[in-house]
Amino acid sequence: MTEKPKVAWYWCASCGGCEESFVDLAERLLKVFEAVDIVFCPVAMDFKREDVEKLPDGSITVALINGGIRLKEHEEMVKLLRKKSKIVIAYGACSAWGGIPGLANLYNLDEVIERKYLEVPTVENPKEVMPTKKTIVNIPEAGIKAEIELTEPLPVLLPLDKVIDVDYYIPGCPPTPDVFWNALQALLSGNLPPKGSVIGASQKSVCDECPLNETKPEKILVKEFKRPDKAMAKPNECLLAQGFLCMGPVTRGGCKSLCPQANMPCTGCFGMLDGIVDFGGKAISYFGSILDYSPLEEREIKDAYEKVPDWVGVVYRYSLAASKLGHKARLKKVERIKEVTEI
Amino acid sequence: MSDFEPKIVVYACNWCTYAATDLAGTSRMSYPENVRIIRVMCSGRVDPQFVLQAFADGADGVIVAGCHPPADCHYLEGNYKAYRRFELFRKLLESFGIEKERFRLEWISAAEASRWVQVVNEMVAELKKLGPLKKNLEVKE
Amino acid sequence: MTEPRIGVYVCHCGFNIAGTVDVKKVAEYAKTLPNVVVARDYVFMCSEPGQDLIKQDIKEHNLNRVVVASCSPSLHEVTFRTAVAEAGLNKYLMEMANIREHCSWVHHDKEKATEKAKEIVRMAVAKARYLDPLEELEVKAEQSALVLGGGVAGLRAALELANYGLQVYLVEKSPTIGGKAALIGYVDPKTKGAEIVSKMFELIKECPRIHIFTNSELIQLSGFAGNYTAKIRVNPRYVTEKCTLCGECEEVCPIEISNEYNFGLNKRKAIFLPFNNAYPPYYAIDHRVCVKCGECEKVCRFGAINLKQEPKIVELKVGALVIATGYDPYRPFKGEYGYGLHESIITLFQLARMLDPESPTKGELIIGGKIPKSIAFIQCVGSRNTTPGAKEYCSRMCCTTAINNAIKIKEKYPDTNVYIIYKDIMTYGSDESLYEEAGKKLVQFVKFEDKIPRVLITPEGLFIEVFEYTIQENIRIPVDAIVLSIGMLPPRDIEELIAVTRVSCGGEGFVREAHLKLAPVEAPTKGIFLAGCITGPKNILESIRMGSAAAAKAMSLLSKGKITIEPMIAQVNEEKCSGCAICVGVCPYSAISIKNVNGDRVAYVEKALCMGCGTCNAACPSGAMQHLGFKDVQLLAQTRAVFGGEVNV
Amino acid sequence: MSSVLIVGGGVAGIQAALDLAEQGIEVYLVDKAPSVGGKMAYLDKTFPTLDCASCILAPKMAALLRYPNIKLIMNSEVLEVSGRAGNFRVKILKKPTYVDWSKCNGCGVCTEKCPTKVPNEYNMGLSQRRAIYIMFPQAVPKRAIIDAEHCIRLNPPPKAKEKAKGPLCGVCERNCPTKAIRYDQQPEIIDLNVAAIIIATGMELYDPKNLPELGYGKHQNVYTNLEFERLVSATGPTNGEIVRKSDGKHPRKIAWIQCVGSRDVRFNHYCSAYCCMAATKQAILAKEHLPNVECTVYYMDIRAFGKGFNEFLERAKKEFGVRYIRGKVRIDEIPESKNLKIVYEDTAESYLKTEEYDMVVLSMAVTPNSKLSIPLELAEGGFIKLKNPYLDPVSTTIEGIFVVGAVAGAKDIPDSVTEASAAAARAALIAKRLACPTPEVVK
């Protein structure tokens, strides 16, 4: 019998949602196990890095990688997987465009670390203990003498394809089971689109699948922009036409418009369509187009824009790291990480 | 840094600003070499994506220029649309920490060659003060 | 796409370019750019030999793109497009690099200028790589026109167009053509509006190509320039051409209402003849008030009355539309300068009508039952913000009309005192002579400024109290009659007009023209033209000229029998379009709509309506809408080329 | 297909030409100037929209070149017209330009090299041009022309002539890259056969020197409104910098005087129709250029009769604080400051007042260019008479000859453009032999 294709499954800077989506395949999961051998999957199985290193180059059929590249370790691992795999797939929004963690690129690393270790409400750190590259533990009475090295963060979070060559993308935060399933079908059947394509999703935007698309008025012109936390959306009426900042028009379909159908504006987790070069830039362009004022009404226009506190968060929620200008990291020495601490 | 020569990409509408740049030429006015003009039919055609691309590729400044509101636009209100898009666009630049002087939306009529020259001179001077954009931006490719 | 083979041609333009730019270096550099197979420089590319150079290369090196680095496209784009076309290449595969106006003429440092020229060429080459061949489309142009409104402007337009050989459909909502000019009495000291109109009727009657629909309105308009489909509702007249104008029906008709054809100076019946020599020359029944009692039907000896008539819908194919639906007189509110409170306070229209021999008073000036010994015109009633509810604009014709009628009164009743109480006398241009004339005839002019005159209705009679600006005193003028010089309003039904024809309105409520200064008779939408007061107040002469002018535009549009459509317009890729409809709202020409293509919502561009501004392309979130000649990929390529980069989309 | 002659290449003439050409009719457009554009080409902005004149005119001028069936006959005038509607014979005198326009490509090298400087008519003499020149940057056709009177080659100063052996100068000839200079060019007569003629010769400004009480020409800082238009224009002698002739300083107070030569029994009875709004526009422009300048308009009646005019007037008063005073004026110069003392009767207070300004602009009357070699009847004011404007719009007293624009009566741009299109319609009917001129209509 011919041996099954080998699949590696790795996570970088991700939340675990992508792994969840894997589980969400439910009974279809069994079909997957019949079809493939899983050779590497830190989240579920105890394979070590060495095991991968032992594998001959190109021996892994498909490596599914989720999460953005935030740490040196991520970088090393994905480079290793690239070497060992025939096909590398950026799985999920984070891996494809940086995702939510990518929004950290608006700040330099020190700001990020301070935020994470000192400021966030969930952290209690009166001694201001900060991460350390190398920790020397020396407790003679216990006869313990060890050095622990911590991997270093990169100055910015990078999408997978900024670090290694990526063959295909599976979009979503996380990808819906159907999208994942479609993608698997394509992979297993072997009839794949040209390298660099998005697989498993649609070639049209979310509006195409959205039942509310039919409810649009002839012309979409709004006087103000609304957000779901501030305004109540009328059900069964196009959210954009109501003035909500819905990313549906600019976002790749395939999700079956889950959010809009739940009266929640699309946030853009499936990323942009082919031919668009900057997700947020494009979104800005159409939001600016539907605002119904003339330049003589400067005040009204400015107000309408002011009402939305965080435009970057709206238009680049999942794609800042992959955007044309979405990095602000200064090239200055990172000070908040100490070289050595001794205990 | 005095030897620094900024690069400015200009998107000029065919009917007003492009005509003004032509007039500046035919009237043999003189201005620094730093601008590169891209012709579009209407400022309403200019997509913020282009401007982002220009900055990402190393433009130190970008100008989008069209006809004076309210009445000059050859297409009734293309300039209105440009205005609304780029007012919002400025907010992105702000969040990205890109100085506001690096992007200008200008209304320059076909007769205002001198205005065109003035805009170029001003911007070149400002950008020389600011220095190159790449300096404080790390763009990993 | 076949691999681009680009030829680059650098022009010296004598010394204009070569003087500051090292053209040889630029050409050499161009050779190093991707897809460039040949690059040359020449003293005058626009000259015959220069063009031949390009044509030869296109053949020899089978070039499929050409870049000319010379002057501004506004100068020679046409020239070089024609040149490449003559060499059998699609003319839209030529791109110009403007190294004269944008480089050699504005810079002096030869080295820097040369470097810049290289980059400008590099940008042009980058764009050229992505150029597509484009075809001008041609659509058939219907040899017919629809004229809305049978006033002088509409009639004039109809005459010109019919004489030009076009089939003309004239649609008028009232039972007769002629409009207000027919009722307005004297339009200048010598000419009566009614005379002009009846002379025009003569011409119309002789003109075989004019089909008149009275009692009719345009209810639907679809299509585009050259190919409009218009739906007309023809409301029943209930009186057929058998009518001999005997007038017996009128006698027996029980319904009596105020006669709008005399501006309410008298009453008319439900069955009526609008005015003598109205056209078509038959009675008509006012369906809004007729109770269908049938008396008229009984009495008519010619069987000309048929109360069973039903409205019918007519569908017409027309190439162009002329809108000439005119204006409504300003409607003073009750009590505005005493209007409606005293029988001797009338409007300018009523007075003008009165002085027409055809009027109920047979041209006699009889107000409140007597010939006034003194009469005052109050100007700017409803115009220039003189009263609450008044418009800000000037109604243009009221001063001249008032003065003209004042002169008439003075001629007929020399010892009647005539006052004109005004803010500014607007007898512009040659009409000034009337102002002088009135002065000579001792018409008395009283100027007010911000403080508006007051009308006092007292037992002793009528008075006008006004602060006389030139003497800076309050004066009280006793008068027997007061004439309110009311201005013009947009027609009541302008809303329907907008809904049906998609024309738009300015702040003052009249229809907006394509350009206030240089396109005064064109609507922004191609194929729709404007005449007369629909765009704002005019006098009769101006309206008539607008009629001819609008006709000229329609002639130009239709004369070739076909309409060519610029190919540099928006194009939808239905594979990508999700029908999000954002483009629909941004199009200034309503050229885009959402169509259902086998169950899928997709945008549809009406090519003939698109003017190629590209704003829909900028707005389109999915990149489905592309502005041909300025596509995303083309402009991105140009942008990236500034920095030597390649586009990757 | 027969052709139409248009006399006068102003905005009206251009519009008529385009409307006819679009119908495939052959058009001859004759103008005495070396470029089309007429008076509108001198304007900076237009009322009431304030959009820039060249932005909207230049494309129309350029469009003329795109029609092979439009023949531009510049620097020429009509000598005589004979024949009748449907078949006029026209003689045209084409004056020499001394440049072969088939070779000249408007590169302008000659205009830089030419040694002789002359006052530039296009800037009302407020700047200089060379003896060989291109009328203005957007000129159509863009061709050089030698001003024979001032060219030292064609009209050498006597002394220099004696000294010199061969011909003088010749700089332009030596520098012309296309070898287009023709010092020996002669006037030529062009004979045309046309079906119809459209007169669009427009107007001139009335000569302000006829009103000595206003001191134009005597007082340096008194300008005509057309001079002021060039002064504020971005393409003008000062690139739009408003400065006084006397001392190059910015004015602080500017006055506009209305009805100069119009509505005045001594000169012209008619109202010139454009000036109230033009002055209002210029006051607003002045305010835009110099925010602190005070603008005052002296008028008799403000004639804000056109679309958007009264709104525009109100804007000038409220938004820009332009002051309007009703009264007739006299102007004296204050020798030291070269400022101007305006003596006027404020009809509001009806006694004499004086006020000092440092710049005064005269809103000049227009006078028709109706002195033509065609025997057309004139109306009051010297405007060309219309036969029967109600039934035969824009027709002169000669069948087949139409008249449009300011030569048929003072009027603004939109009215002129409308008439131009109207004339195009009427002329087309004749040119296409579709109708004998109304009233008879084809059966």
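Chains here go by letter, A, B, C and D, matching the order in which they are written, and residues are numbered from 1 within each.
One rule holds for everything that comes next: contacts are C-beta pairs under 8 Å (C-beta built on N, C-alpha and C of every residue); 3 or more make two chains touch, one makes a residue touch a chain.
The structure displayed is predicted, hence computed values, not measured ones.
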Interface with more contacting C-beta pairs, comparing A-B to C-D:
C-D
Where the centres are mean C-alpha positions, what is the separation of subunit A from subunit B, in Å?
33
Taking the mean of the CA coordinates per chain, how far is subunit C from subunit D in Å?
27
Can you check how far apart subunit B and subunit D are, centre to centre, with Cα atoms defining each centre and the answer in Å?
35
Centre-to-centre distance between subunit D and subunit A (centres being mean Cα positions), rounded to whole Å:
66
Out of subunit C, which residues touch more than one other chain, so two or more?
74, 516, 586, 615, 618-619, 632, 636
At least two other chains touched by the same residue of subunit B: list those residues.
19, 26, 28, 47, 49, 53, 70-71, 77, 81, 85
Multi-partner residues of subunit D (each touching 2 or more other chains)
49, 51, 108
Which pairs of chains touch one another in this structure?
A-B, A-C, B-C, B-D, C-D
Subunit A - residues contacting subunit B, complex
106, 155-156, 158, 162, 276-278, 280-282, 284-285, 287-289, 291, 293-296, 301-302, 305, 311-312, 315, 323-331
Given the complex with subunit D, which residues does subunit C contribute to the contact?
13-16, 43-44, 46, 74, 78, 156, 159-160, 162-165, 187, 191, 196, 199-200, 202-203, 206-208, 383-385, 392-394, 396, 424-433, 436, 449, 469-472, 506-508, 510, 515-521, 535-537, 540-542, 544-553, 555-556, 559-560
Under the definition above, what is the set of subunit B residues touching subunit C in their complex?
7, 9, 14, 18-19, 21-22, 24-26, 28-31, 33, 36-42, 44-47, 49-50, 53-54, 57-59, 71, 74-78, 81, 85
Which residues of subunit C touch subunit A in their complex?
575-582, 584-586, 593-594, 600-601, 615, 618-623, 632-633, 636, 649
Note which residues of subunit B are touching subunit A in the complex, please.
47-49, 51-53, 55-56, 69-70, 77, 79-81, 83-89, 91-93, 95-98, 136-141
